[in-house]
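Quick notes on the structure that follows.
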């Protein structure tokens, strides 16, 4: 029993940590620009593949490869905004479609280059081995990832509440027009937010995937829908909500998986049902403050 | 200082502004009055760049500013205090003020301006750490004005500062406006409450259905029978 | 009173039709319909009737589906990312009735579409509390729940599992020409209905809800009820398309009928053609299906999706109203030139 | 004037486009035989140049182009055609024929399956390319839809990849329509379940004597929650219930949603470990396998892995998994061993041709094409109704073994006969140096009348084995 509970807690946190990092960026972009960036999951997936290829080409320079890949993804995020999102900002459906097109494009490109076969980037595990705690053994890479995720989330919170850019991001997300009147270049702030969100996704991927594996180019969609679910739960545009929502989703998944009959096959349905219930009872989510648009 | 020449603006097919000619002198306090939906707010939005005029020319200090992005116009020294305050409600009063000084890189000017504002609205100084959303309506309006003053503007545009306030508070706000004017900031005020507006305003413009129907000093306009009947209720 | 009105309309109909045909759009539409009807009789070549024509049938099915999405999202402004719900459920009902209850396909399609309407009702009501992106994600979540439930091996006794239902009897006709004609009739009827609905008073109300729900509410329109109607009406046509698709394929399975791809097909086709134009959906569907077909014939099958993604990006980026409006304008210019106007 | 000139130019251009388009449409689509695929020597590898279309036996491959399963199917068929053609083709009624293969993309490996694409591919094979035989299939739900096109046209279709029982049930129940369907690969789900359990029982028996201090008993199942795994697990359970509380005990099977990620896999493996699992039977065809092996490698769980992991059948899995699959034992149709006399030669030639091991689908397709040619040779006819009786004559007593050892069908269902020496699978284990060996497959079964389990005949003779079964060092430590 104690092992089951440990199992639930650890995997809930693990799941939550990755969801929180991905949804944080996603939610940020939605909050600031009202933009649903469908390519967000693709950034996550692309990071994994770039890491895999990078490691094969430069086997000795893992650390540099990681940094390089994160920079590339951040730049891709910026380009997405400049080339695709910015010209279409006013049409909701347009942005959704074009970023969907981009995600699809990236997926298909990788599919052509490497096929659907899974691959592992196991060789880039920074902390191999396991640690035992209360009779439950935990993979060191995951422990590192959970800690890193917490640190990144706190640093991000600090950044958003204290720095000038962070404050202008908050200003734009609360009232874009007023922020513009203060002399803030809203488009540039949006550019930065999309880049930050891509950066967060890239960090999450480069820390989590070495312990996971690349399960095919379609994996981006899984993470995209999960982060959809998380931000609905937490409240769209709410940063606290996306972190809390991510952990709640993580725990619901691992709880279902371990304690409910037929749990493993329901593990990804129950969170969706929770989302539907939340949507119907409290459409703005747990932490959503804004009125529905 | 600011000159609008033959400005036209449309929302879709509906005409919002028609042949607006407006000239504001340095250190003046101009007021635009008019009924609801006459295009008063649109006028200010066109100046601050939130809406691009469909035709016409706007010059500020001899430079064309129409077509510029609003944040560029703010940098040129026009500050727009928008209708319904539009504060950053989830941020503290202090952060709101900091946002107001976003374009102001000079620390000493910022401090001087801050001092002036706290003198003007001592209440804000007490509530510096409070979230803007928790302020009362009057305080929020004060904050909105203070925020737009912090960029140390050459021209201040104010949209309905008295909206939804109790008469007592209204009066306070208008006193502050006069004080701001006395400090030497050129101001363009849009106001529905014609009585109050005429008290502070030097030049009054009457805007009806997108056109400027009448203009003159407040004394001149007060004598007009139509103004008397419709706007002053005498 | 109402009877008189209808009589009046019926009496006026020939004149209306005449004047409509004379307009550019009317003439073009009529030309397209006549060409579509004539098409299957042009050749006996099996490669034409059994391969090429089948692609037309598929395109027509997706036209109906995309148009139904356009009715819900373009006209009424209720963004749906989970339109496959209606598509899939109608297909499953249809396949189940044919395969397990020995229903004739005609009736099965009809009942399938009714089933979809029922689903439109039960999904529409809770989703009414949601607006904009929330509604989009809510419908997406709904379709994912359905997809996962249908996929589940442990529920396969009830929901047929990952392999779905397959039966050689799930088809309208084994002659592709007959199938083509029947689907064409479905398509014409669906499009006329959807276009008329969007032009009618009902459509105007839906559009006013889309543009400004608060003021529509204020002017005394029961927005809730109309939104449910919109859901049900859209579900009806999505259901017809879904049931037709089930008979076209001859089988149903969770991913193929409930998958997110299906929902996105509707969105892609309708927006490629042009949102709110209804007719654009047909153009988008034909464009998509035949682009795919010609790429496969050209031997570039693994690049199909890549090229499609590129085209989607380019079209959405550079043409706000999809491809229908620009194409119509070009044709009209050409037509005017030909007539010497 | 200028306007009129423009108008005339426009009229001419439009007329030219209409006439040109019409003519193109006519010659590409409408004219009799238009757009028909023309078979040439290019489609018949190894055949002499210049042979005519009528000299080609037309075989269509249905599979997903660009994915390992579809490519394997084509590789197998292509390689068979090449071998046959190089050997001089096949002589039917005095004319020499050569084998031609062509492929169409059914898109069935795509997780976001679009069923109509498979249908369109089958239609192109049948109506445009006029194939005489079909070979392929992998995803059950896709094949279920597009097999109908072949059945409609009474074309023999040989399944080389889909394991569900429903196909052969169709043959049994609607023989008139589905008699054209045969399955050469793989063994159906139910029989696979039996093979897994009886062999596992053999190993458990042997290991219990090796490790006197540890009771090797608990068996866990980790499977995708899909229909094909359902019947397989049901089969395992029906066998296991016999052994319960005797010396094999079943833990609750874990059926997971196929969209799982690392945290889910971690949850499942930890659950199994905490329940004291000794043997884990994976029933996995998709990406779950790589996650499982990666975590197994990191955590060094104290249990052995012994089951079905489709991706692990390929030699490339060692590199793909980052060397994490050591000590995994998987079912595999063929490895470099003397399963039949042709097996090793085929294995080496295939590797020389393509540079990688053949997937089970490739072996199935290779055998299927060879089988078709054998039947044509025997009947001297291309008529499906002549060939079907010939196929049906290949029974247990009269098999036509290919490289995989199959070539015998159950009467009535057209399903592959299971069991040595017909259709059986090998058990292959990964070594920690990245090589894979065939391990012996001793089998035990419980005999109710006796009240205890006895050894029954091995799944295949021990001579086929190329190495001994190894217990992972960390499991060894845990069990000692």
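By written order: A, B, C and D. Residues from 1 in each chain.
Going forward, a contact is a pair of C-beta atoms (placed from the backbone, for glycine too) under 8 Å apart; a residue touches a chain by one contact, two chains touch by 3 or more.
Since the structure is predicted, the reported quantities are computational estimates derived from the model, not experimental observations.
Asks: Between chain A and chain D, which partner chains are common?
Replies: C
Asks: Using only alpha carbons, which chain's centroid is the nearest to the whole structure's centroid?
Replies: A
Asks: On a C-alpha centroid basis, what's the spacing between chain B and chain D, in Å?
Replies: One centre to the other, that is 76 Å.
Asks: At what distance in angstrom does the C-alpha mean of chain D lie from that of chain C?
Replies: Chain centroid spacing, chain C to chain D, equals 37 Å.
Asks: Between chain A and chain B, what distance separates the C-alpha centroids? Give it in angstrom.
Replies: 42
Asks: Between chain B and chain C, what is the gap in Å from one C-alpha centre to the other?
Replies: 51
Asks: For chain C, which residues are shared contacts with two or more other chains?
Replies: In chain C, the residues touching two or more other chains are 148, 152-154, 260, 302.
Asks: At least two other chains touched by the same residue of chain D: list those residues.
Replies: 66, 111-112, 225, 255, 257
Asks: Could you pull out the residues of chain A that touch at least 2 other chains?
Replies: Those would be 111-112, 262, 265-266, 268-269.
Asks: Go ahead and list every pair of chains that touch.
Replies: All touching pairs, sorted by chain label, are A-B, A-C, A-D, C-D.
Asks: If you look only at chain D, which of its residues touch chain A in the complex?
Replies: The touching residues are 66-68, 109-112, 225, 254-257, 259-264, 266-268, 270-271, 274, 286-287, 289-291, 294-295, 297-300, 311, 316, 320-324.
Asks: For chain A, which residues are in contact with chain B within the complex?
Replies: By the definition above, chain A touches chain B via 167-168, 170-171, 174-175, 177-186, 289.
Asks: Taking the complex as given, what residues does chain A use to touch chain C?
Replies: On the chain A side, the touching residues are 30, 36, 84, 87-88, 91-94, 96-98, 100-102, 104-105, 108-109, 111-112, 221, 225, 228-229, 232, 236, 262, 265-266, 268-269, 272-273, 275-276, 279-280, 283-284, 292-293.
Asks: Which residues, counting only chain C, touch chain D once they are in their complex?
Replies: Listed in rising order, the residues of chain C that touch chain D are 42-48, 50-52, 54-55, 58, 148, 151-154, 156, 161-164, 166, 168, 174, 245, 248-251, 253, 255-257, 259-262, 293, 296, 301-302, 334, 337-338, 340.
Asks: For the complex, give me every residue of chain B touching chain A.
Replies: Listed in rising order, the residues of chain B that touch chain A are 48, 50, 69-71, 74-75, 79-80, 82, 86-91, 95, 98-100, 102-103, 147-148, 151.
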